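Both complexes below contain subunit A, partnered by subunit B and then by subunit C.
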Partner chain A sequence: MNAPLTPRPDSAAGVSAHDLRIHFATKAGTVKAVDGVSFEIRPGETFGIIGESGSGKTTLGRALAGLLKPSAGDIHYGEHDPRALSRSQRKRLRRDHQIIFQDPHAALNPRMTILQSVIEPLDIIGEGDRQSRRRTAADALERVGLPATIGKRYPHELSGGQKQRVNIARTLTLRPKFIVCDEVVAALDVSIRGAILNLFADLQKEFGITYAFITHDISVVSHVSDRIGVLYLGRLMEQGPADAVSDRPLHPYTQALLSAEPLPLPSDRRDSRRRIRLEGEIPSPLNPPSGCPFRTRCPKAATRCAEQVPQWRELRPSHWVACHFAEPDL
Partner chain B sequence: MNTSTLNDSTGAEVWDDPGLGRRTLTWLRGDPRAALSLVVLVVILGAALLAPWLAPHDPTAQNFDQMLNGPSAEHWLGTDDLGRDVFSRLMHGGANSLYAALLAVAVALVIGVPLGLIAGFAGGWTDTLISRVIDTFLSFPAIILAVAVTGAMGIGLTNAMFSVGLVFAPQIARLIRARTLVVRQELYVDAARCFGASPLRLLSRHVLPNAIQPVIVQSTLLLAVALLAEASLSFLGLGVQPPDVSWGAMIARGYMYMSIVPEQMYAPGLIIMITAVAFNALGESLRAALDPTIKGHS
Partner chain C sequence: MAQHTERPRPAQDTPLLSVENLSISFAHPGGETAITRDVSFTVAAGERLGVVGESGCGKSVTGLALLGLLPATARVRGAIHFQGEDLSRLPASRLRRLRGSEISMIFQEPMSALDPVFTIGEQLTETLRSHRKVSRKEARERAIEALAEVGIPSPAQRLNDYPYQFSGGMRQRVMIAMALICRPKLVIADEPTTALDVTVQAQIIDLLREISDSTGTALLFITHDLGVVAETCSRLLTMYAGEVVESAPVDSVLYRPRHPYSSGLLCSLPGLSERGQRLPSIAGRVPAPDRMPRGCRFQARCPHATEGCEQPQPLQPLTDHRLARCWRSAELTLPGAVTP
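And then the complex of A and B:
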């Protein structure tokens, strides 16, 4: 038998979304959490998705992991469209796209030992016998830097970082092709964020995993991503290569997000022009602004923004933006 | 300690379960309340089951020379209105009473737990339907419902306690439904769903274990209530039929001679109380022991 934790053949697979819409009917009306989003995540890359709370990024992530059915539009995994597959085929495809959540504690059943939790995915897909499942679980725990002895302990006995490693380990037992990382380090101490992010990067190299990396933290996302999409009120505002988006952003929203990042400089040495302050809160997705969703907080907003939805334009090579006033040579 | 087992690469030995028996022993050693209540229950249950061999007298043997006597060396708790030995009747009655209480709670759990789980987990119209039925049952006075069910199914201890179980079931269902509504939102349920877990697995491995604790405690409370319900129904003549005996039937009979020989009523009353308290203490300890986040029982 092979070593249990080796990349599966044909491991790399991209993910694409086409005009994805996820609407929730509530008593107050329809919430358009995701409202017409299209993108393509290439095999083996990390696609960063940035957004404030309320931007729909978590909803988008859950849909990408297959936990939510889109109201309209579709998601393809590699060449597969889950809706075109039979039940059993869909079940087989299920293991390929996984999610790791923000709260590592809540993602673990408090009544199951770590071993039970790590073995569970294998129990569900029915791979191997009891002994080989244990071995795979031990390998996975070791691979994420945890001793096998941790298996008999319970989640509440572990630190946040250890718990997130456990979550990674049990996802790893399935050797998925695509993982949605939903704010995976936001709940962790700053001191261990780096280690967890490095672990994600190592696993990507080793197993060829494709990531959708969802976060509100633009400094994290620009470090780990190959490309970035900026989400606001359920729509993409900008999308492009990570360095281009973080160094020369085209959309005023991205510029504002970047200027909100604290700089390690004394205040008199900071470039005051760079600072764009965002006023107020993100509008309610129950009642989004007409035209450009960002116009209510945008420093450049004009009447046109209320009347026309900005076109999705490729201003620089593979760098797209939805803003009437964006210029390629900003 | 042998450290080599800790370094076993397969982890097989490291993760070996110490076994249910040993874990139970460790638990009882660390929890005197649980140990004590378990001992009390074992003694009561043992006395009830072994009554045919241990009881000093035949519980049905009548002696009209010694009616309504107080305690004596011959009859430790005196004799009843037909001259039967109260202590022996208490031992024999235990089996019927415990059977009755356990039956009622078992019926309540078998009906209530799945109903509550399904209602809470499925939501939508399934939940509405089940919840309305539960509400309807809850709006009935329990004893009236039990009388009605017994009337329809026939008089007898089993039927009486079955109907008590029916009366209890909505309480259990409600309790577990409320917990299920909370637990089904938990992230670990989503995580398992993402691994492809079937609804049955989600319910049995994730929802039920995390929703059952209040039911464990409630069941032990219901055991006590069921003991009393058995007494009420037997008192009304719907439960145990003579010459069979139960604690409830003894209270019902002793009640008539309360002013002459009060211990005939106190004795079964006291034993019901002790049993109820022991069940309750055990349930409370069990709940704590089953919760790995409460320290000291692992």
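And then the complex of A and C:
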């Protein structure tokens, strides 16, 4: 029988995606939600994925969690390729990669007590007996900073932050190696986001968990991530160390995203030239622009951008960009 | 709080909107639940006032009360003076004439605020023609102008489109066009950019600020985002648990908040902490309306709470046109968004 909530011996495991494509057939045509994305998430790190709505970030996250089958390309978990495994092996691998969603309320069954919800994953994988499952669940609740008495309550009695802690606890019972965090603080008040983000950091330290942190909020992603990938219309525009991407971005899209972030600065500390104003909105993924997908909104766009898809170049050490005009010493 | 009504002031000093001791409660079979208590503030002509606070602090309810849009179960006490008239005492017919014409509102979700079965043109001209005596032709021209003003390309053609044919950002522009078409003196914007992407949010913030500057429209900006307030407003009202806890010029709050709650909100912004450092947050949650403490409503979450905080806290005037509902305000040095 497993001891409750101890890191598993082979805990840390990386995840890699290679030329991943996820296409959806619709009446109006094919939506290329993710269209040729490759990256590697190293064991125990937080890989931030940032993008606007329609960038394909949620689709990518669902695929990483194993909830969607890629149309082409592959995802490896450590050395495992899920497609090479038998059904039962795949089921065993399944518990290792989990996902936590944006809306903490929708993710909980309103008719189940908190404890029932936290035990449910263990019931599904059939680990341990009734007693040990209860113990693991109680342990997980305590670990995420909730009082034991909360187990008897129902979701509607909890605040948004408490519910998100419950969702983290129920994921934790499986002691996953990899968690996809899809906009996990977006629905929470700013005042408590910090506490939840700290909790993710603590659990990572204790259990060696690898995270894919998906968000539209650049201040959140740059705070929590080791490395960041910037997604636009299903393709990566830029990828690199978190500090390099957020302090010295190479791609015009990343630069615009950063400058669009409203800052709580007094008027005399503002740089009026700071803002790069993007025209329009993200185009429909049904009919993406030719060449560089960002060119229709890019302040630097030229004819070449419509004709040629920019190469994925390593302009600075481990800092990659897909832009014809990006230069290393910007 | 209501002292300024005691003696008449010169006309230019009379605020456009003056809210005095606004207390809102909702009646239910078991009694009455108080949502806000003694909310008082003013908005000068052309001024942009930001209202911040966590969800459940009474921001939206206050905004809706100004326009008389609360459900029938709501009980509203206090006074809402707009250009000399008390809106809370106006007959429904007079209030309807003011709404959309002198005061208008922009909501968070443009899709649910627009009628899906009418074209944008029909909805814009309906607003205009119900308040102003204009011909159909003239209304149509004014609608085209209004769409052009908010940056919608080829406005004459877009007039015939339905809401679903617009993107999220464009829909919010339509909402702004509709709110502004009668040239109101005051626009109440309730989280107008929260549902939008950050690049589109930046466009809408710029647009609201530019239009307010050029037309002299005052703005009551309800938001949870202090960054948005810093970029749009000149004054800030912090609400907590149904009360105003701080009122001050935006810049002075960003440098030095005088209420621990404002300070806590500012420090919680992840962009202000060093990468990899632990993020500050405010422990606990807003007390439920039926469990409000008698004294300071923030005391259970306040890192500076001591003996004395269990006493009721009045909103105290400080220097620099500021108010704070904290008796320790003068002795505490609270961190803001930047160090002075």
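Operating definition for what follows: the second predicted complex is superposed on the first by the 322 of 330 C-alpha atoms of A that agree within 3 Å, B and C clash if a C-alpha of one lies under 4 Å from a C-alpha of the other, contacts with A are read in each partner's own complex, and residues count from 1 in each chain.
In the analysis below, contacts are C-beta pairs under 8 Å (C-beta built on N, C-alpha and C of every residue); 3 or more make two chains touch, one makes a residue touch a chain.
These figures come from a predicted structure and were not determined experimentally.
Trainee: Superposed on subunit A, are subunit B and subunit C clashing or fitting side by side?
Mentor: They fit: once the shared chain is superposed, the two partners occupy separate space.
Trainee: Per the contact definition in the header, classify A:317: touching subunit B only (first), subunit C only (second), both, or neither.
Mentor: Once the two structures are laid over each other on A, A:317 reaches no partner at all.
Trainee: Does subunit B (first) or subunit C (second) touch A:282, or do both, or does neither?
Mentor: second
Trainee: Check the residue A:148 against both partner chains and state whether it touches subunit B (first), subunit C (second), both, or neither.
Mentor: Touch partner of A:148: subunit B, not subunit C.
Trainee: Figure out whether A:260 sits in contact with subunit B (first) or subunit C (second), or with both, or with neither.
Mentor: second
Trainee: After the fit on chain A, how big is the angle at subunit A between subunit B and subunit C, using C-alpha centres and going to the nearest 10 degrees?
Mentor: Result: 80 degrees at the vertex subunit A.
Trainee: Could you say whether A:218 touches subunit B, subunit C, both of them, or neither, answering first, second, both or neither?
Mentor: Once the two structures are laid over each other on A, A:218 reaches subunit C alone.
Trainee: Is A:66 touching the first partner subunit B, the second partner subunit C, both, or neither of them?
Mentor: In the superposition, A:66 contacts subunit B only.
Trainee: Please indicate which partner A:190 is in contact with in the superposed arrangement: first for subunit B, second for subunit C, both, or neither.
Mentor: second
Trainee: After superposing the two complexes on chain A, what is the shortest C-alpha distance between subunit B and subunit C, in Å?
Mentor: 13
Trainee: After overlaying the two complexes on chain A, where does the subunit B footprint on subunit A coincide with the subunit C footprint?
Mentor: In subunit A, no position sits in both the subunit B and subunit C interfaces.
Trainee: For the complex, give me every residue of subunit A touching subunit C.
Mentor: Answer in residue numbers: 52-53, 159-161, 189-195, 197-198, 201, 216-220, 222-223, 242-243, 256-257, 259-269, 275, 277-278, 281-282, 297.
Trainee: Write out the stretch or stretches of subunit B touching subunit A in their complex.
Mentor: Subunit B reaches subunit A through residues 6, 8-12, 14-15, 186-188, 190-197, 201, 205-206, 209-210, 290-293, 298.
Trainee: Sort out for me which residues of subunit C touch subunit A in the complex.
Mentor: Residues in contact with subunit A: 54-55, 167-170, 197-203, 205-206, 224-231, 250-251, 254-255, 264-266, 268-273, 275-276, 278-283, 285, 337-338.
Trainee: Inside the complex, what are the residues of subunit A that reach subunit B?
Mentor: Interface residues on the subunit A side: 62, 65-67, 91, 94-95, 98-99, 101, 103, 106-113, 115, 120-121, 124-125, 131, 134-135, 137-138, 148-149, 151-152, 154, 156, 167, 174.
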